[in-house]
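What follows is a group of structures, each given as structure tokens.
Next come two complexes, and both contain chain A; in the first it sits with chain B, in the second with chain C.
Here is the complex of A and B:
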């Protein structure tokens, strides 16, 4: 906390402040546009931050992340299209409210709840990141290897109905990370073209995996003109919404608590938190039937939870290099291009950058609230942006983002090729997040596996080194549990589908 | 074609594409890719079993292109490929302007009139001009430029 307070004034440096404001506005803009996710927004901005000081760039990315998650609710409420996966649960009540002429109330509820969840998440980050980073110092190669494997298995466990594809994607991501000259042996691997000699550059790959499939989807729907929305602001609404939040204390507590917990778990994210808290809030309510009929408490549950995941998702990223969400995975690219490597060093040697970033993320909650409330009046203009303009605009940003990381045209081609392949795979149900996580965690897993093997061969043997010791056993148990959970969910999902098919056949 | 079966076939193709060049690798360089290929093969086998079970239980869905706007996506995708190919020769800003203008006109459902085209061109020009001002003038970002220096 002391370090946080010490570095808080640094955010008010004009460049950092500008990045904070630009990130907030940009994040709200990206979030509000249907089809543009927070992950994509951060992925597109990572290369641009290459030209900025590390703290400024991280403040920008953090502000975009937090605002895009909140901004995703704008299109969910106004258009019934979640601007971000985290806003799925918001549309249950939010869009109903909009149809009842209460769009302003829904939007204000969104930003106030997001602010509460976001601030809570950052406080948890401030309190728990340093001890967790200290704890991570106990990790040797075997523990780091298992941690990386846990990161990959846990995200696949959440790919409901596609666990095998998720696992395959995770392994494929790790395999893709081995492309290029091996850092340990210097031998070229899978270098089928000169462009791949230095491996697959992370940022173009991230842009390709997350943005290109969405662009092709936008091409598919480019001719669709959504109904134009209008918005009539009402006086005294903010006061009414703030007062109403006093009645939602239980829901807010649940949103903050569960959201934070889900945020820390690698792979889970705002979408899981939003739906889970919404569901719990409904189940625990005396009148669950009011949820889904345009109740602001439903919006509050979803939005508080999804924004509470943002900062906690960055905790395992900063301490163990395991991203808590796909967007946090992309944020890792932002750290790496500035030569910042996750781990205890970030909280000691690079404390200035790290704590300025955390302070920036804290202030981003305030700017998100202020700009969100102001933007609510004009949000329908962004939500009305037509698809026929969007896909080309995003494609241009993708090209720019991929090119300027290394000034390489080949990176643009790699981005596009991977994106097209992901689009095809996506049509068959392969999720992109496990591939990206595999690509990010692959080098950590391989390096520590080979290092551990070398240590083990001269010391206690491979089995004893990798499979004994409390931390190793705990991590292995977590990997097994996440796999078992994934398989259980798969069976449950299959049964549900079977029952639905049987019901349809009966009809 | 059944979706789950197609997925299993895609997995097989990916495994083969990596397994063939892997045979050229030696020692430590090969260790991790080999373990991954084995793991992926096991998952692939699981996917085949799942596909068979789903087909037998009539739970698998058929993948079809019926109703897919193939022509529209094909044209826009083709233009995107042309844009990427022209990027280095024509320069980022000029090629982006042409791409933005042409694709947005072709993709829209409204009838193209001279007034609409002129308006659209101005919008595209303003957007690309903003990018030029931000990236090239302010941030001095290196990006392929045309022989005209734009």
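Here is the complex of A and C:
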């Protein structure tokens, strides 16, 4: 902590400050463009930092990382295109709010919640790096397997009223995730065309599942000339949003806590932190049905958790050279080209650079908040665009976003195929989130199960390997609780619907 | 008639252009920016080193044209290299960064559209040997301890690495063969994931990149290097051969540039002449050293010879693992 305060002023060197501002603006832009994920933003910048002093370049990369994660929700809210898996849960309430003309409120909530989550993450990084790193190291194949299963139990909560359809979607997602060469056995699975050799890429799938059905809907209505939409930026919105956050204490606490824990564990899928917290916030709420209908608290849950994963993902990177997320893995490259080798040296010999970086990451939260709020003021320009312009623009962004992930035309085809499939399934009442959840968590669960099985066979046996140990038992308990809670509320929901139907029939 | 004449004119013009281009193709090469196809994700070791290797391309001493990195990740590199062979331009402007032994092993095990005969190697910039490491607090203190354990408990020794058919996998196969052992190889998602499992004791030992392990020496013990000679970064660590286990450099991760077969040989020769000098540029060498990337510059002839040798070794090792 003293080290942190000692080096805080170094950030205010003009070069560093410039890097901070440029990184924030660039990061927001990158995040908002579909397909340009935080990982890619950092990766593209790493070579540019060749010629900068180490501290400046790390501040730039840290600022880009922070803002790109928050910026991803701009396109999720305004266009219903999740730029990265992290923004899926933001879309549920955020895009609904935007459709109701409350885009500005949704975006303000996004940035305020992101700020809170981000600051919490950096504080944890400053105060508890060694014990957090220790904690992260305890996650092996069995623990990661259970974490993924815990994530999958979220499906029961995400599809209230349609648990069977949700579970079917989840299973379909897991099935889709097995396409491609297996990383553990090397066999090709469902590779009916070369384009599928590397499996279904996440971002094109996300765009297909969430944005394409939206486009088709927009096209359907494009001939209808709606009354001119005139959303104006509202005055006093910031005050309103900040005041509202005082009521979200429990959601914020959960977002910060769970987000930090998921962020610090390498390979646990920090991507789903938002969706997991969203689900838990909903399960613990007295009125769970308000989530998904355009409630700012839903946006808050997702965004707070997403940004709380950022700094913790860097903890195992700095202390153990093990990146906690794909973006942190790219950041490792940024450290290495300046001869900064992660490990204890980073906090002693290279303390100046390291702590300037951490201080920069801290200040990046503030610049992210300021620029994010500024950008949100212009959101009405997007919200006022008529449908026939919107669907064309969204379609271009979808193609662009899918293509540039791997510079691959096949990904665009995959995006459209999955999108049309989702449109049809949507008509039959299948929600898209469970499919995506299956797609993200399927491989984590599968790979870690197989890996755990291989290890277990050499020592304690499969049952002992997966069902003993404190951490395993805690995680299993969480899975069971989450599942039971989901089923319980489903039964309650069904009863309520039945009672309502009966009441209506009686009238 | 007028149309016919116009047609002839057009054809002859095209012909002239084609002839002119054919004659000057090698002389003017490269007349446009080059693309370097990296088949791994941005930020990984290969990507980082490829980017460093290409920073001086624009210098008139070398190509005089910028080299743009194009990432085509997927299926351990197979997607990118297949794409490169199928659709990469054959004018010498599309180059790929190859990873040995990965691409050779993949071409043996799977049906790929590339193998040692479809790549025209241009030059090699790096060589990252696999090293065998255990956690600092491990009960194993030497390769002898490990071998003894594996002999007494067949199949109980777990060794991990960055995936299937990568250098680490090859090194494990070689260790099994050379020492007559049976071990369980655990493929992980990537090099750092593998390192984590070793550090936390989830697996007993791991083969990993020398560069990555070198940076984590405070928490890992490096037992041996899978190469024919000791490495300058780790002068105290013996090779397997010194310990009486016959493992050669088949698992060393060689990285370099290659063009697809079908490019004008004059262009291949021209690029092959430029590359070793470009890799040895002081700026490139300095950056590589700072990032802890071990270098080994080789010219086209040396790489060609190496491809053939490695093909033989790997075929023998992998003949039981073929996916047909």
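Things worth noting here:
The criterion applied here is as follows: the second predicted complex is superposed on the first by the 272 of 507 C-alpha atoms of A that agree within 3 Å, B and C clash if a C-alpha of one lies under 4 Å from a C-alpha of the other, contacts with A are read in each partner's own complex, and residues count from 1 in each chain.
In this text, contacts are C-beta pairs under 8 Å (C-beta built on N, C-alpha and C of every residue); 3 or more make two chains touch, one makes a residue touch a chain.
This is a predicted model, so every value here is computed, not measured.
Of the two partner chains placed by the overlay, only chain B lies in contact with A:429; chain C stays clear of it. Judged by the touch definition given at the top, the superposed model places A:216 against chain B, while chain C stays out of reach. Using the contact criterion defined above for the overlaid structures, shared-chain residue A:140 touches chain C, although it does not reach chain B.
By the touch criterion stated above, A:22 is placed in contact with neither chain B nor chain C.
Look at A:392: by the touch rule set out above, it reaches chain B but stays clear of chain C. Contact with chain C, but none with chain B, is seen for A:337 once the two complexes are overlaid on the shared chain. When both complexes are overlaid on chain A, the residue A:183 reaches chain C alone and has no touch with chain B.
In the superposed pair of complexes, A:455 makes contact with chain C only, with no contact to chain B. In the superposition on chain A, A:501 makes contact with chain B only, not with chain C. Shared contact residues of chain A with chain B and chain C: 184-185, 187, 407. Residue ranges of chain A in contact with chain B, taken from their complex: 48, 51, 164-165, 167-168, 171-172, 174-175, 178, 182, 184-185, 187, 189-190, 192, 215-216, 219-220, 222-225, 386-389, 391-393, 395-396, 399-400, 403-404, 407, 409, 412-413, 416, 424-425, 427-430, 445-446, 449-450, 453, 494, 497-498, 501.
If you check the complex, the residues on chain B that touch chain A are 3, 6-7, 10-11, 14, 18, 21-22, 25-29, 31-33, 36-37, 39-40, 43-44, 46-47, 50, 54, 57-59, 63, 68-69, 72-73, 76-77, 80, 83-84, 87-88, 92, 96, 99-100, 103-104, 107-109, 123, 127-128, 131, 135, 139-144.
Of all the residues in chain C, the ones that touch chain A in their complex are 41-44, 47-48, 51-52, 55, 69-76, 78-79, 82-83, 109-110, 155-158, 163-165, 184, 186-190, 192-193, 195-197, 199-200, 202-203, 212, 215-216, 218-219, 287, 290-292, 321, 323. For chain A in complex with chain C, the residues that touch the partner chain are 39-40, 42-44, 46-47, 50, 137-138, 140-141, 180-181, 183-188, 194, 197-199, 201, 266-267, 316, 320-323, 326, 329-333, 336-339, 341-344, 406-408, 447, 451, 454-455, 457-459.
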